[in-house]
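For reference, the structure is listed below as structure tokens.
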């Protein structure tokens, strides 16, 4: 049962009534970051006005309140992604830090010379560069899973690349360029049968589809608060208890220790072992409010709303002969609300600048996915990406102004 | 922000005209310039006679602004000495940074003066200065 | 000219009118974290309602606005600590991450077997444990500068511990237990003459005294936003350009790269090289508002206010025979607004819990400084710490209730 | 939060009385328990006769709550069998977690029932359970 009132939702987002260059903001850059509902902004304000303290460290009222707020969100995140225990939820700054935590700890400890690390060519830089560092330091081999002409990963490709030599597979759940949602459950099952562990980068999936880390049997799962209506500066790393248990710590210092001697230290248990120094409690509280907001609307509604927008946009774009879409050309089940495209004769940066003059925010460039761009043979693309507050009217405005882009560049439309 | 102050006819002409976009046979200098955050990339080639820039051309890809800016720069420096060209580069960069505003001074940039308004589009400044920085690099060596 | 109206200041801090256990909150735990003025809370709200985007990555209006906001704060921080260039300012999550960035990059690259790393016994865990990891990995030697009976570092001790074998000296500018402000300029000068670089942990100093990294000639300087009226989740690392230039990156991924190929990557220049992934722009904006607030009041006024509070508190505490103060027993020039103490016959945790029942927030425990506690022979202490919004009336309330602590524990007062 | 529900006379008596605070000669079991975040540390010693706890004592430092809780536990378990003691530990931990609320059941904890209200002081729960967890560890081995 689809049930999402986008006009009601828009009222919750103050920034959406902003005027940009004299036009109402049309924000189609949600894969980069998302806006915040009043509930999230207010939760942070409430935190600073009523609960602010250093958690875990104090016996006083505020410290207890801050600890409860912080640990309450840990439990909320656990439930949201269906982890077995809230101890398996580590707060980080963002997806990038979550993945670096893994490369520095699991990677540097367990990868050995000749081991293979398998990545997807669609991975974001944050899920490529850290593994290059591990491969270089450890003499391991980096291999890439390539995609077919629709941006999909075939079962054969999985079987070709993931072998008994594979130690780690690290893959994006959904591409931030092509919008394809990958069959991570199948990939994980196969990788496990080969003895590899699987890390899933969920930066683009957690905000938009129901993620169940237990059902998919992911070993690690990473995502960012700011892409799911939450604040900047807070991210999550989920890890299976038995893996977190044996991993060395990452950042060291306050709060992640048991006993510190001049020459030696014993460490706290996970998740605290991985959270050094004063944490971003405000960020966690904001993330908690974002999860509440999302759950209240319902992820199935959000996904369906985005699927409709995607279908609407793709249909309109396909009518325009000088537009080319990368990746799937229909709003299939495995297509999220991200569409990359090019316009004949127009460089993506000009597209973005000209649309901006009409109040329309899109992204142009390599989308932090240069290996994929090279694979696609496009140095840059334009990209629109949706969230629960976007409307078909906004897509109409976008489409209308594509014609203006062409006109400014000296083409008839 | 007024698009018509940036996407001018002159810029469109330059970005679409291919008259400076070619490879130079027997170039004396070749320099690659690039803009990692955009993916823009040009290769600038220069042929000298003594101290004078006899011919110049470029290859590469980029947005209308960077292509036009490169073409305008090439038109401007042809026939100038290296020193004169370097002075013009400084004038151009000074204009973009709004450090040079004297109209008479800026007139020396010929067509390239139309890029004056790019500072209203901060995200595109890098596109406008790419060729000029590349030339500077080339002669620094 | 001293000019600080604490009653006016208190109006800017909503949380200070909170009722805790039926009493008005008396917050004396500012060394742990500080509260936020309306200006800081509003700046973050304003950011999300008007400017929110992923900085550096987009050509659209909001992305430009977010970039300007973020880079504007970088320049503001530069000016605040008088760095030569805003490129020398790196945003991190907190002091702990700033110091870990250094141990992982500078430490792991430049420390060699047999090299000596010199720390102060007063260092916070965040400035000890990372160096233990480097020493262990590299076969280096960790040495400690000890303090005298008043918690001060003598010139002889500096000369004894810092030698031509010393590669890195990492020292807290002000102790979060004893409140002593250390002569970092002199230490840096001597360390430089021995060929060592010096890292200063300014978590406790930057909020309270004027810090000039150029004048003191620090090689690196670290601090946290949340201890200086700013939000959680944002910290700073200052580093000299020539050192940042040659350091390898720390976290890798989006935004810190130039070109990413399947097997290799070239990195951006500093500071971007050290800021991977979507940064905490909201946090930076909040920090900027905090710096404005502090500058508006004036650091000399803040320091003088705290000195007066410290003097007032020490005088009152010295009148009570069963209280013992650790560290300096008068409000000298080099004593910040932090007083650690013990009460005869009462464990610090009981002190903290009982005071909490009267609305008074103090800290009890090891204060993330176990080596110092061991050096002092106290497994735990109680600590009060001041900031610009504290008053002598609050100190009176604290003193009065110390008597209640004793009473609850069964002693006459 | 009502201090008088926690800093009771009984707790003060136990925390100040040293009657269980000593070293045991010829202990059969010795277990160290600690609370890193507080710095509390106790060593629990037990002397058995067969399955029965003949004597028990502790050394170490900590706050009034942890000292009192330890002393109360020792009073409680002396003369009980290991199994009975373990049951009481579970009852105590259940009380603290508010999983066991049945008054009759809780009466078995004797003096230690006064620690019921410690859950109103979340930061101090660790102090109250330290000794009981230490005993559990000891008998698990």
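As written, the chains take the letters A, B, C and D, and residue 1 is the first residue of each chain.
One rule holds for everything that comes next: a contact is a pair of C-beta atoms (placed from the backbone, for glycine too) under 8 Å apart; a residue touches a chain by one contact, two chains touch by 3 or more.
Here the structure is a predicted model, which is why all the values come from computation and not from measurement.
*Asks:* Hop across touching chains from subunit B and tell me the fewest hops that reach subunit D.
*Replies:* Contact-graph shortest path, subunit B to subunit D, evaluates to 2.
*Asks:* Any idea whether A-D or C-D has more C-beta pairs in contact?
*Replies:* The greater number of contacts lies at C-D.
*Asks:* Approximately how many whole Å separate the CA-defined centres of subunit B and subunit C?
*Replies:* A distance of 47 Å separates the two centres.
*Asks:* Where the centres are mean C-alpha positions, what is the separation of subunit A from subunit B, in Å?
*Replies:* Comparing mean C-alpha positions, subunit B is 38 Å from subunit A.
*Asks:* Which subunit D residues reach two or more other chains?
*Replies:* Each of 37, 121, 123-124 in subunit D touches at least two other chains.
*Asks:* Out of subunit A, which residues touch more than one other chain, so two or more?
*Replies:* 21, 57-60, 63, 257, 259, 349, 353, 356, 365, 370
*Asks:* Taking the complex as given, what residues does subunit B use to touch subunit A?
*Replies:* 1-3, 6-7, 12, 16, 37-41, 61-65, 121, 123-124, 127
*Asks:* Can you list the residues on subunit C that touch subunit A in the complex?
*Replies:* So the residues of subunit C in touch with subunit A come to 14-15, 18, 20-21, 25, 27, 29, 32-33, 35-36, 40-41, 44-45, 48-50, 52-54, 57-63, 93-97, 99-100, 103-104, 121, 124-130, 132-133, 135, 142, 144, 224, 226, 231-234, 251-255, 257, 259-265, 276-283, 349, 352-353, 355-356, 359-365, 368, 370-371, 374.
*Asks:* Would you pull the subunit D residues touching subunit A in the complex into a rising list?
*Replies:* Interface residues on the subunit D side: 36-37, 121-124.
*Asks:* Inside the complex, what are the residues of subunit C that reach subunit D?
*Replies:* Its residues touching subunit D are 21, 346-350, 353-354, 356-357, 365-366, 370, 373, 379-380, 408-410.
*Asks:* What part of subunit A is in contact with subunit D in the complex they form?
*Replies:* For this pair, the touching residues of subunit A are 56-60, 63-64, 67-68, 257-259, 266, 268.
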